[in-house]
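Look at the two complexes coming up: chain A is in both, with chain B in one and chain C in the other.
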Partner chain A sequence: MEFVVFAVFAAISVTAALFMVLQRNAMYSALFLVLNFFCFAVFFILLGAYFLAVVQVAVYAGAIMVLMLFVIMLLNVAYPEPPDKVLGFLRPFGVVTAVVFAAVLAGVGFGSKMGENASILPRISDPTSGAGIILKGVGAAEAGHVQEVAATLFSRYLFPFEVTSVLLLAAILGASVLVRKRTEHA
Partner chain B sequence: MMNFPTTVPTEAYLILSAVLFGIGAMGVMLRKSALTMFMSVELMLNAVNLSFVAFARHFGRLDGQIIVFFVMAVAAAEVAVGLAIIVDIFRSRRSVDIDDVNWLRG
Partner chain C sequence: MDGLFGLDVATWDIILAVITALIKAFVIVNGLLLAFAYMTLTERKVLGRMQARFGPNRVGPFGLLQPIADGIKLAFKEDVTPRQANFWVHMLAPMMALIPALIIFAVIPLGPEMRILGQPWTWYVAKINVGYLYATAIASVGVYGLVLAGWASNSKYALLGGLRASAQVISYELAQGLAAMTALVLAGSLNLYEIVNQQVSSGLPYALYLPFGLIAFVIYVIAGVAETNRSPFDMAEAEGELGAGFHTEYSGFKWSMFFMAEYVNMINISALATVLFLGGWWPIPTDAPGLIQGLGPIVFLIKIGAFMFMFIWLRATFPRLRFDRLMALGWKVLLPIALVNLLLTSAVVALWPLGVWPFAQ
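Presenting the complex of A and B:
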């Protein structure tokens, strides 16, 4: 069952990603990307990361994509892009590079023969061994509970969390300064 | 007769992540609209997030999920600043085509 859901949504997400990249209308690209983000939310649920699935929908499919769509409509650039002016002859090489790149990355997965014993990924047979936050005895489905995530985030990762707030503040200020109307043309 | 595993193996997620990352990289290399390139970068970020979460489940640790949380925060900041830059470029050039922005001077 889980495998079927994964296969269906993997197919949807790859198709949506291809349409997003190949679509010449920026508006449709953005909508396909939203579909893709929903697929990612499904994968996060399958992987037991419930909190991240909600954040994915709220932050990515919600906030970030609304901002993106807003800018597309603001700039009114939803028309098809014109043909290449420079370096157009290099376009096929872009496809080749991307395919080879993805093949090399995927080769890591295929190289492990998709098996339990033949996997190149080390299996942690004893969850109590090792240092750090290891969830003792809980299955994969338990790993993403909000309580656990919050406990980790606000203890071990408290400092990065605070630094993130500074980053967001800097981003707000930077974005405001960049789009501010110039009163005097420099 | 194909024997389907009951749970999806981590490797399947890694392959899917690699494919989506490749598609995103293809978008960055092929497209000339700064907005579409930007969306492709978002796709690449998400593909990496998927790897992080898959590894988090694989090793039974939460650290991968926490890192995805931070990646999302950084992506949000990046989108805000990046779109502001694109809007600014559009104001001065009336275009978001990267071929029109091949000079550093404004």
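Presenting the complex of A and C:
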């Protein structure tokens, strides 16, 4: 049962990711990315992390991608120039990035004990799996609990959490300073 | 232990639970759409009375068959897609608006857990620990309907309407979320059933936790009216300026899907406000004897009905706000008040040693 759900949504998410990259129309790319995010929410549910699933939908699908759509709509970049003209010189870098990314992915995949586990999915409590890296120190049963996530965030990861909020605050301030109308001083 | 057809009892329990959930979901979706249909009639009749006229009264007794006539008309209307529009996104947008509206209700606990004929019975489809977050997450997905409809129509009125609507919804989500968090802090839980249960067992809905609960409640309702793009916050479809806003280029059944989404969202906001601030089935005790427990859902539905009447009343009373005033109200008035309110509530909850709200009565 778990495997069937995982297989179906894994197929959908990989397809959506491919279409996101291969689409010429930026609007379609954004929508396929949203579909991909929903599939990730399903994976989080399969891992028992309901809180993360809901946050995935609320933050990534519900907020960030809506802003991306705003950008695409307002800058009218839905049908951009053919990439060969604009980004042709970036091709070698793209190849390098792809190779490095594939290497990292393979490293995570083979380095984890996925093959030895009875379950097809890496458990969150398994610190060697990809999910474990994100949530190290939180057990599978507790990962879905808001209390556990909050306690971990405000104790073990307090410093990175605060640094992130300062970064976000700086970004907000920077944005509002940049768009502010310049007032003439008398 | 063997059950029927050679399947063991545990498997049968799972199958039974799935079937029950499917039936409940079917009833809820159809109930919401029926409520939508008769809400349109109620709105037209109440608006009519408030403006000293009758409203629809020709189709059937008291005009009661009017929504059915409207539904048949809309279903058979020509469904026009503008030639310059993006066909697939134009098609997707109404679905992205309606589906989230319909699935939010799954976590709303309409009544206390009870036993009917000895069998356990629940008045919700799902009781999840992050129930409130589920509702807000799904609601924020509903914004896609507005944005995509505005973009795909390839019309400046639709685009402006879509931008206005989504900017408004995103802005008011903040004030609404902070107001709701006041109730969540008081309850110490995100589980909607738990939130109701705590209000019922303490005998006092959070709206009466003076003064903070009441402030949060008022902010939640104002933000809820703005969230649903209803008058006086219906900037998105200001017909004098924008045609019909984001659904200018929609007709027939796709248009009625936006219409349904708006009304179902009103019902959702009302139900969430009832859960968070009005104590759900309060004053029916959760552990009352069977028959009295059965009154719980009725009390809940009456509260939702009161909210729906308020939506109509507001529409009949207030003129539309200007868009910059609307944004200013959201960002400069409601958001700071909600934030301070939440801080003070948290301080009281954290510092008050007795576990009893000090300002109640």
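We adopt the following convention: the second predicted complex is superposed on the first by the 115 of 186 C-alpha atoms of A that agree within 3 Å, B and C clash if a C-alpha of one lies under 4 Å from a C-alpha of the other, contacts with A are read in each partner's own complex, and residues count from 1 in each chain.
Definition applied: a contact is a pair of C-beta atoms (placed from the backbone, for glycine too) under 8 Å apart; a residue touches a chain by one contact, two chains touch by 3 or more.
This one's a predicted model, so the numbers in the text were calculated from it and none came from an experiment.
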{"item": "Partner chain(s) touched by A:Val55 [first = chain B, second = chain C, both, neither]", "value": "both"}
{"item": "Partner chain(s) touched by A:Ala63 [first = chain B, second = chain C, both, neither]", "value": "both"}
{"item": "First, second, both or neither for A:Ile172, with chain B first and chain C second", "value": "first"}
{"item": "Contacts of A:Met20 with chain B and chain C, given as first, second, both or neither", "value": "first"}
{"item": "Superposed model, chain A: greater residue contact from chain B or chain C", "value": "B"}
{"item": "Which of chain B and chain C A:Val42 touches, first, second, both or neither", "value": "neither"}
{"item": "Intersection of chain A interface sets (partners chain B, chain C)", "value": "51, 55, 63, 74, 144"}
{"item": "Complex interface listing, chain C residues touching chain A", "value": "86, 89, 92, 128-130, 133-134, 136-138, 140-141, 143-144, 147-148, 150-151, 159, 162-163, 166, 170, 190"}
{"item": "Sites on chain B touched by chain A in the complex", "value": "4-27, 29-33, 35-36, 38-40, 42-43, 46, 49-50, 53-54, 56-63, 65-66, 68-70, 72-81, 83-88, 90, 96-97, 99, 102"}
{"item": "Chain B-touching residues of chain A, taken from the complex the two chains share", "value": "2-4, 6, 10, 13-14, 17-18, 20-21, 26, 29-30, 33, 36-37, 40, 43-44, 46-49, 51-52, 55-56, 59-60, 63-64, 67-68, 71-72, 74-75, 77, 81-82, 84-86, 91, 94-95, 97-99, 101-103, 105-106, 108-110, 112, 114, 116, 119, 121, 124, 127, 132-135, 138, 140, 143-144, 148-149, 152-153, 156-157, 160, 164, 167-168, 170-172, 174-176, 178-179"}
{"item": "Residues of chain A defined as touching chain C within the complex", "value": "27, 31, 34, 50-51, 54-55, 57-58, 61-63, 66, 69-70, 73-74, 78, 144-146"}
